[in-house]
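Let me begin by presenting the structure, written as structure tokens, before commenting on it.
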Amino acid sequence: MFSAELKSDTLKGLVNIISTLIDEVKFTITPECMTLKAVDAAHVAMIEMEISKGAFESYSAEDTELGLDLDKVKGVLKLAGAGETIKMEQDDSTGKLVFKVGNITRRMSLIDTTGMNDPKVPQLNLLANIKVPIEELQKGIRAVESISDHITLKAGPEFFELSCEGDTDSVSLKLDASTAKISTDTDVCSMFPPEYLANIIKAIPSGTQVNIELDNDYPVKLVFALAEGEAKVSYLLAPRIESE
Amino acid sequence: MFSAELKSDTLKGLVNIISTLIDEVKFTITPECMTLKAVDAAHVAMIEMEISKGAFESYSAEDTELGLDLDKVKGVLKLAGAGETIKMEQDDSTGKLVFKVGNITRRMSLIDTTGMNDPKVPQLNLLANIKVPIEELQKGIRAVESISDHITLKAGPEFFELSCEGDTDSVSLKLDASTAKISTDTDVCSMFPPEYLANIIKAIPSGTQVNIELDNDYPVKLVFALAEGEAKVSYLLAPRIESE
Amino acid sequence: MFSAELKSDTLKGLVNIISTLIDEVKFTITPECMTLKAVDAAHVAMIEMEISKGAFESYSAEDTELGLDLDKVKGVLKLAGAGETIKMEQDDSTGKLVFKVGNITRRMSLIDTTGMNDPKVPQLNLLANIKVPIEELQKGIRAVESISDHITLKAGPEFFELSCEGDTDSVSLKLDASTAKISTDTDVCSMFPPEYLANIIKAIPSGTQVNIELDNDYPVKLVFALAEGEAKVSYLLAPRIESE
């Protein structure tokens, strides 16, 4: 049993984040929250999301799993105006998920979740912790797109830097303590594939504070909240290690 | 002889509707109005339009015919700002139609209307009559686009429904008497090709009330007014009859 | 040595004009101004630009040359919001040009200007002189796009006309002394390739007065100011001479 209502903007924000990585997803549903753990097909990035009951206008569920094709859910989002409420209800007889938006009813077949195992989330203890407004990261990402090589993230006690070095040209975003809240004793530095970082950073809505956990040649972890704090997201991206 | 002035927005609204079906058209012109009867190349839909003198800022004509390429007229519309007046005048010496927009003069060759016969309009007496705001139909059309199979229109004494059933998914817009003004004694139902219905419904401007005449496995007729009531449109679409 | 700051909108306006003709350019820099002379690859049009010190927020330079890829500069412009200041500084050790926009640093390799000789600017003494608001020319250009044949520019003591004659259709923009300030004793007329004229006219910002110098089967010269009068542009376009 699953039945819930939420604002279309809330659903849109969540779907935008997940679909940077994957289109067919399994949500684990409990009476208190929906959770998701997923890796992309290339096993380069992983996302964990927990959407608590409080993100919904109404929420009523028993323990279950829900396999969704996010492309179809995006189709439903197009039918709803900003601020409009979307109602979701699982039809127990057919097993389909029924969306209602205004006078529209959309019956959606679900994906079989058999064999969709949750990925194992690695326990990491990363040295540096940096808190930045997403707008700064988005400026940095737009800047490196002209170079489109690996992106280097660096941090030291007094700075955080996102940079990209091409054969002849280079670009960097450098933030000091006036913009970023930095916590690290030593300098750390790792390199990442540009498209993954660009996709997730562009999908995070304006006004979000992102917590970056960084280390030397280690994955980076972006932690942030959506849905006015009622949804928590953790995004883990594997580093590119320069072979020399 | 033909000479007229009208607001660019009025002309745009009329051209948008006709060009969902056909690009080269023949207008029959009288001292009182312009009329058009046309079918599309596949003979699936038919449009009848009557634009009365009152839709124009000024209008002066003798009985004549005017063959127009609507693609060229759209080019003229791009030159006019909202609210700007477009002047049309037939040049008696060259036979061309001269458009004037501000300081711009556009001389347009006409299409030879010899052999462009008006289609015969079938007399239909359809059982159900439903009056709906175009915005609701447009929401329904956006919703069925994710399925893109035949669209079913149904009506009964208490409801009007636009729906689309795919292999696994389905979508419907269901209106009751609070949104649609419905007049029918029995239930009626016909199926239609989705692209035709989508094109005409999207082309009708916001704020328009559309009168839908519907029956069982019969054509549907959409009747509506444009140009503040000074232009009347009747759009007839053939049904798809399911062979079993 | 070269170091300067300017508003992103100013730089954008200048780059838009030059890049209608050419992407890789050589600027000649003096302590007082930057100048550019360039022809397009087909040698059909030529541009001269002088950007005086006053167009910049700050400007400090010795005599030098700067070879720039405008595509890369456009990438920098995308990083700056309207009204934001862009800082440019030549790095004497690497020779690269360093752009700074907010917290972003973009190091750009320069183009080797060896062998990039300035084109010789012909001395012309054209009969007619017409001053028009760019908005009128832009309307004329939009109008002729439906015909896309050679564009004819004509002027007489009482009129200026931009027109285009196709096989069956034609279009013209005709201005009188109420819109254009015309100075010529006799009628003049030349024909031009439509794309070149369209590209430059579309690139000139709204609110600009353009001075057109015109003669019989001779190049046309468009002279206008950018950057609130601190940059002067002269654009010369070769005529198409009808062979009969």
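Here the chain labels run A, B and C in written order, and each chain numbers its own residues starting at 1.
As a convention for this text, a contact is a pair of C-beta atoms (placed from the backbone, for glycine too) under 8 Å apart; a residue touches a chain by one contact, two chains touch by 3 or more.
Computed from a predicted model, the values in this text were never measured in an experiment.
**Student:** Between copies chain A and chain C, what's the superposition rotation on C-alpha atoms, in steps of 5 degrees?
**Tutor:** 120
**Student:** Over half shared or under half: which fits the residue numbers at the contact of copies chain A and chain B, same or different?
**Tutor:** Looking at both copies, the contact residues mostly diverge.
**Student:** Round to the nearest whole Å and give the separation of the Cα centres of chain A and chain B.
**Tutor:** 45
**Student:** Give me the residues of chain A that touch two or more other chains.
**Tutor:** Where chain A is concerned, no single residue meets two or more other chains.
**Student:** What residues on chain B touch chain A, complex-wise?
**Tutor:** Interface residues on the chain B side: 136, 139-140, 142-143, 145-146, 168-175, 179.
**Student:** Over in the complex, which chain A residues touch chain B? Could you list them?
**Tutor:** By the definition above, chain A touches chain B via 72, 75, 78-79, 96, 102-109.
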